[in-house]
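As written, the chains take the letters A, B, C, D, E and F, and residue 1 is the first residue of each chain.
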Amino acid sequence: MPHRIVFATQHYQYLKDRILSLCGDQCENGKLEIRDFPDGEHYHRILSNVGNKEVVLIGGTIDDQETLELYDLASGAIQLGALSLTIVIPFFGYSTMERAVKYGEIVKAKTRAVLFSSLPNTSRGNRIVMIDLHVDGITWYFESGIRPMHLYAKDFVKEAALEMAAGRPFVLASTDAGRAKWVESLANDLHVPAAFVFKRRISGDETAITAISADVKDKIVIIYDDMIRTGGSLIHAAESYRDAGAAEICVITTHGIFAGNGFQKIKNSGIIKRIICTDTHPNALLIKDDMLQVKSVAQLIVDALALETFS
Amino acid sequence: MPHRIVFATQHYQYLKDRILSLCGDQCENGKLEIRDFPDGEHYHRILSNVGNKEVVLIGGTIDDQETLELYDLASGAIQLGALSLTIVIPFFGYSTMERAVKYGEIVKAKTRAVLFSSLPNTSRGNRIVMIDLHVDGITWYFESGIRPMHLYAKDFVKEAALEMAAGRPFVLASTDAGRAKWVESLANDLHVPAAFVFKRRISGDETAITAISADVKDKIVIIYDDMIRTGGSLIHAAESYRDAGAAEICVITTHGIFAGNGFQKIKNSGIIKRIICTDTHPNALLIKDDMLQVKSVAQLIVDALALETFS
Amino acid sequence: MPHRIVFATQHYQYLKDRILSLCGDQCENGKLEIRDFPDGEHYHRILSNVGNKEVVLIGGTIDDQETLELYDLASGAIQLGALSLTIVIPFFGYSTMERAVKYGEIVKAKTRAVLFSSLPNTSRGNRIVMIDLHVDGITWYFESGIRPMHLYAKDFVKEAALEMAAGRPFVLASTDAGRAKWVESLANDLHVPAAFVFKRRISGDETAITAISADVKDKIVIIYDDMIRTGGSLIHAAESYRDAGAAEICVITTHGIFAGNGFQKIKNSGIIKRIICTDTHPNALLIKDDMLQVKSVAQLIVDALALETFS
Amino acid sequence: MPHRIVFATQHYQYLKDRILSLCGDQCENGKLEIRDFPDGEHYHRILSNVGNKEVVLIGGTIDDQETLELYDLASGAIQLGALSLTIVIPFFGYSTMERAVKYGEIVKAKTRAVLFSSLPNTSRGNRIVMIDLHVDGITWYFESGIRPMHLYAKDFVKEAALEMAAGRPFVLASTDAGRAKWVESLANDLHVPAAFVFKRRISGDETAITAISADVKDKIVIIYDDMIRTGGSLIHAAESYRDAGAAEICVITTHGIFAGNGFQKIKNSGIIKRIICTDTHPNALLIKDDMLQVKSVAQLIVDALALETFS
Amino acid sequence: MPHRIVFATQHYQYLKDRILSLCGDQCENGKLEIRDFPDGEHYHRILSNVGNKEVVLIGGTIDDQETLELYDLASGAIQLGALSLTIVIPFFGYSTMERAVKYGEIVKAKTRAVLFSSLPNTSRGNRIVMIDLHVDGITWYFESGIRPMHLYAKDFVKEAALEMAAGRPFVLASTDAGRAKWVESLANDLHVPAAFVFKRRISGDETAITAISADVKDKIVIIYDDMIRTGGSLIHAAESYRDAGAAEICVITTHGIFAGNGFQKIKNSGIIKRIICTDTHPNALLIKDDMLQVKSVAQLIVDALALETFS
Amino acid sequence: MPHRIVFATQHYQYLKDRILSLCGDQCENGKLEIRDFPDGEHYHRILSNVGNKEVVLIGGTIDDQETLELYDLASGAIQLGALSLTIVIPFFGYSTMERAVKYGEIVKAKTRAVLFSSLPNTSRGNRIVMIDLHVDGITWYFESGIRPMHLYAKDFVKEAALEMAAGRPFVLASTDAGRAKWVESLANDLHVPAAFVFKRRISGDETAITAISADVKDKIVIIYDDMIRTGGSLIHAAESYRDAGAAEICVITTHGIFAGNGFQKIKNSGIIKRIICTDTHPNALLIKDDMLQVKSVAQLIVDALALETFS
């Protein structure tokens, strides 16, 4: 069996450590030397031998530096003779810029997919592993020479919901119409009702939310959204559910970005009791607050890597 | 200005004729010789000179023969020195097989996108024009060397809705959660309420529909769906709206496929009063019934071809 | 040694079974789920795990549906992580449309070769195996990234000839000038005389056949042609040999297509005593008649797959 | 209209001059600086400005130096911004190594086609023009991104035959079974009988020729072959026709290579009265002998370049 | 003549303005909408119509954000139908990481060249224009489908040298052995002596500089280096020339990066009297000090764009 | 472990033999059949089975025939199913034509790199191994899909220098400014002084050499240059060192080409006492003279092949 070696970009070392601790002897800890120069250039050196090894490279496209670090490390591993390359992108940045609404808008989700698809192939081929993409189709934005794999953290959501509900009846709720289908599906799996929020435009950019389903009254409402960025639309939705009589509002999200003071804003709103997210984005680890619980996707990734194939 | 010449596959000659009649002298009518051999092979010959011309090729991926005819004619035009190639696919088949739900499912929307992306480039590049895709993201399933363009028949939907409503108040309704976002957006544009249908799984494959929004009672409900195939889910949704007290139910769809006896089944249900669809699929033209009105997308396509660029 | 798994398109299941029965435990029987939708779309799912296996996919380009089924299954196997992909095309359709005689004719043999060449590569590369191509050069119509292999069923022809002759002297004969070289070579291998048919154009499309070599008189004439489609030119040639005094006329062909009522037409002509063909085309298996004997190419394919290399 | 500029490799300057003299003001004479270094390296510089011009580059793959000179000049023109590139290869070397007969034989016709197909594309695309290929299919050995064009010098053959016959009846004859089809077609066009030569293997490499058709007796036999290399098989065939009673034997060939002392050998045999060939190979121009007449293909090439398209 | 439109990344707007002011009516000012989101994502929209226009895009690879902005804007222009794309990279970052000295070092100059080479081609092709690359060969690190052009700012250096010398005799000097060839060439063009600095390693990383050529004594020494980053090696070299008796030391550099407090460090050293650099890097414009004079490369770029070809 | 098999072009059989003798049983001796035809075409056949083997192919781009032989053999090995392909080019011809100085010069180092990069990939990828390139950057002229490796024969140079010095103090010297950096580095490694030669242009092409560093007086000067072609610039440099008082002048070079009567010219000059070179170019082996010592790079290549990776 070929040797597997795991590397991560600078911000994802924590996830590499968690993955390695689950792998036991089966994975080697990939060593890098990274230095920054005063002129803004970065020096990257792969210290471990990667020749004829299965290289796993973990990194999110969370900002420009991480994106290019991921691209450069991947290029290096390929050049140094990696047998295969699996790029694990726990959080795929720009997944909300996945289509052009106005003329000239640059569809970043496509340009990033093309960027990683342009890497030369390793002997055993290149693969991309992503988790809970904002839009399913992004899986196929990648060019045909690379094999993408989309992991669903459905089990995480279900477990988090059951943990939050703690035996009490609850409603699974969406933040907007875009996620209606997914929440419908999750609610059906959990055998609970689904609640939805729709918006009606009043004038210009002003919208009024219409919380659908009268059945949130006096019930626990668990909102699921794939990501929380600034928390704005989450608070907006939560207010609707509160106004509709929800007894308690909890939140589950896969990607806890909490950009800027996003987390504090949510906390200050006082509407949401508790949040559970995963560790797909390094920001989530920076917040130390009882209101937020972070669960790791390390096992989900380890299980996917164990497969010899992709669905 | 380069000369433009328009060809169509066998089933789309009607659309070519409509487009040519709108173009006046600006487009040449492309001639083909097509013959079928007893062994199932087809002979294709491009009779018109296409060298240094802008070639427009119209054809749907409505079945295997049309798909390969489109591929072969495109290959021929490229080989014969076409200056540019624009493939207009009014109905993009397999757009509902746009992701794999189970291991091993072949994502046909991707394989078809890859198929057309593999055509060698013409001097001015190859473009693909599609209309009201079931899933937006399919636009970006094409490889980066070809330029896809997604046309929205929004104006058709709005005009059809206003024509059906004839001044009376109405609700714009969806058939399932998957189109919730789109219907929300259309309803906001029309300044009318939106109604949605959600399904709760009862056991196994059995689902109960929950028509949301009490406001359909005694109102005209105009259901919009991007395509009608066998009509099954449409009838199911319409029943819900009827049960919720809708005064009258009309239907707008972009792609009228009406596979098998689909149209007759809808008509026999007696729930739907009227249907308006476009001519993106040749099946719609075969139905001669007062209940169905077919409007052409020819002008929409002509306008898109007039652009020098794609958004 | 990597695991080998064999799949076939719907019409070639019989050949897969024959190949598997020759392989013993060395090959796995690949399972598929195939369903047809009322709107003409087909659902394909690869049920067996193909990750890191050597995938063999059997299918002829006998019609449009089979061609796209082959393309889709190949795409699926690649996406699911097949280690290598060998596409066995026992009968390569369109092999007579291998050049353009008039302006604008689409060279289907090239477009089909390009179609399969556009498949993304597996780790160990993609290969195409074909048998007795109408024109040798088609082997190299494939693009340079795929490895084609042309199998010659010469042994089948020789054995069939010796079986038909049953010890009696015979002449090996061609149907037209295009196969002169091949028949010359076969006749030399068998140490028998070769007979040839040439055509002289009389006026327009009317041609008069000139059976060369007086030595067919009172002899057994065994005509070899690579394929029998409608049987027209075969009957034409046979008549010439009969008129030249042949004692008995038998026919060997690799590809027995017998399009339409081709076989019945040949039988009704009463000139040909016996035909031996292979099972490269599923049509041959549908004919149950003592006059026709079908021999399998399964062993020829199994032997080729056993090679680690291609010539 | 874009500006056209014509270059040639060192051995094909004569053909460039002939083409330019037919073009008048429509083509610019492309200037090169070529120097050889003592270590076997060659210096190539394109002196004329080729930016945004239609570049025509003439050169045969007659030996290794010419082949790489063609490749290098083409690379240079592309890099310098040529609008389009048409490579005219009057004689395509290695066209008889177009398939592998034994394991491991390198199919040079394919490797050369791949070599030229690997050139990056110009804006208007790259084209290859070839004349009377030994095997038609080589046209499609080129990869799909380049557009090959195969010119047939049929008119040259017909005119040469009529000129040689000078009103007397004649037979058009082949040198071996491989060209049977082509000679059959030419003979039909000329409304004359066709004669063919077949070989029977006696033992090992020894073959006995069987001149078919008794009708060469006392007639003028005009042998057509696509190329004369050493003249061996031509003399062999001519002897057969002489033995069969031919009154006079003349020869037409497209490519007069006359390798080594080929021409002298033919002349010394005393069997052949006269030869007409074209100037596709520079060797033909080196022979000054009344027995050989060389006609230029310049007009054929000029006509092809005038087309905006390729069949 | 096609329409030309010029865009720049955020940091290079000043250079776009200078170029546009030199172009007059011949170039359109390309408009962009750029916004930054709190989560580190950037929104880019091309507001101007670029369809069928010659797009010029100016931006340096000065840091990760600029690099990806350049990549995204280029992707957008291609997708929107630009006729041609010329990317002007006045300062090509990572040009000193142009080879690997130790195992595993990532050759960023190559990965950046590959990154831009992976952009899909426009109709008229993509070009890259760079200025005074640290290593000439980087021009050819780009893949063969894109056309690179390397501009030499030799005239700027010569004029700056003559301006600094103001009629007084001077010596042109290098900072290290790596630029010896270039300085030799420049000195020869200016008909002045060349001075060189070489380093001898004393122990470990400690090096002693050996200023060669005794002829700097009492002379004006003008040091040329392609870039000044932190100024460290420049000061080191200047000290050597001072110690060797130079009367006055001035500096010319193409790329004035002055990372960190680089400029202040040079100024504080008190050894260098005056510096002239170009505006290829935006940092140079931020320094307001009489000691530094910045000359624009705008005209050099405008002249290059006017060429229809690349050398 | 996969089987390794070694082939060489005709001129490099000696190096294959040396490599095989160092490999013991680990490498198979690859057999070829090569024949030349009278018309200048070459027949190549790979006799050994290469399927699923690691193919090593040795050949220099020393002239056109060798270059195409290398290309054809590589193409053949790929087509026949080689598992991996490593092309060892001990002397990379055209490495001094690595940039264009004047408009229109064809950068052969790039066109050759592109030529070999265009070979289709083997399963384990294609690699190029080169030794002491004239310009480092050529390593990255290859396209991104192939993995280049640049071997430095530094140990050879050091050992040769120590052997020549035989304990006596010496100076390591360069022939021109272009190699200054490399000689500086080597001298530092050897803890000896470095001497450099610079040229000042007097008028037109006439240059005067300025031997720098007074310390060559009465010392042994060992000149290192990467290649000796005609020996002209070497003799020129040596004269300078002699004039500067050198006690003895020896020469080390990696690539001993000695084009034309190069070696004799050097010998006749009487200035140089001794030369040591490697066997990267077959010319070096043809010279039998006590003044020249040839050391093999076989071990250097064997060591590189033993690595599973490339730096």
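To be clear about the criterion, a contact is a pair of C-beta atoms (placed from the backbone, for glycine too) under 8 Å apart; a residue touches a chain by one contact, two chains touch by 3 or more.
A quick note: this is a predicted structure, and the numbers were derived from the prediction, not measured.
The chains in contact with chain A and with chain E alike are B, F. Fitting chain A to chain F on CA positions gives a rotation angle of 120°, reported to the nearest 5. By residue number, the contact pairs of B-C overlap by more than half with those of exactly one pair in A-E, A-F or C-D, and this pair is A-E. Centre to centre, using the average C-alpha position, chain B and chain F are separated by 62 Å. Computed from the mean C-alpha positions, the centre of chain B lies at a distance of 51 Å from the centre of chain D. Each of the following residues of chain F touches two or more other chains: 79-80, 102-105, 107, 110, 114, 121, 123, 144, 309, 311.
Every pair of chains in contact is given here: A-B, A-C, A-E, A-F, B-C, B-D, B-E, C-D, C-F, D-E, D-F, E-F. The touching residues of chain D, when paired with chain E in their complex, are 49-52, 79-81, 120-123.
Chain F contributes residues 98-100, 102-105, 107, 109-110, 113-114, 117, 135-141, 143-144, 176-178, 180-181, 184, 187-188, 193-194, 196, 198-201, 212-213, 309, 311 to its touches with chain E in the complex.
The residues of chain E lying in touch with chain A in their complex are 33, 37-41, 43-48, 62-65, 67-68, 71-73, 75-76, 79-80, 93-94, 97, 102-108, 110-111, 114-115, 118, 229-230, 257, 259-260, 262. Across the complex, chain B meets chain E through its residues 84, 121, 123-125, 144-145, 147, 307-311.
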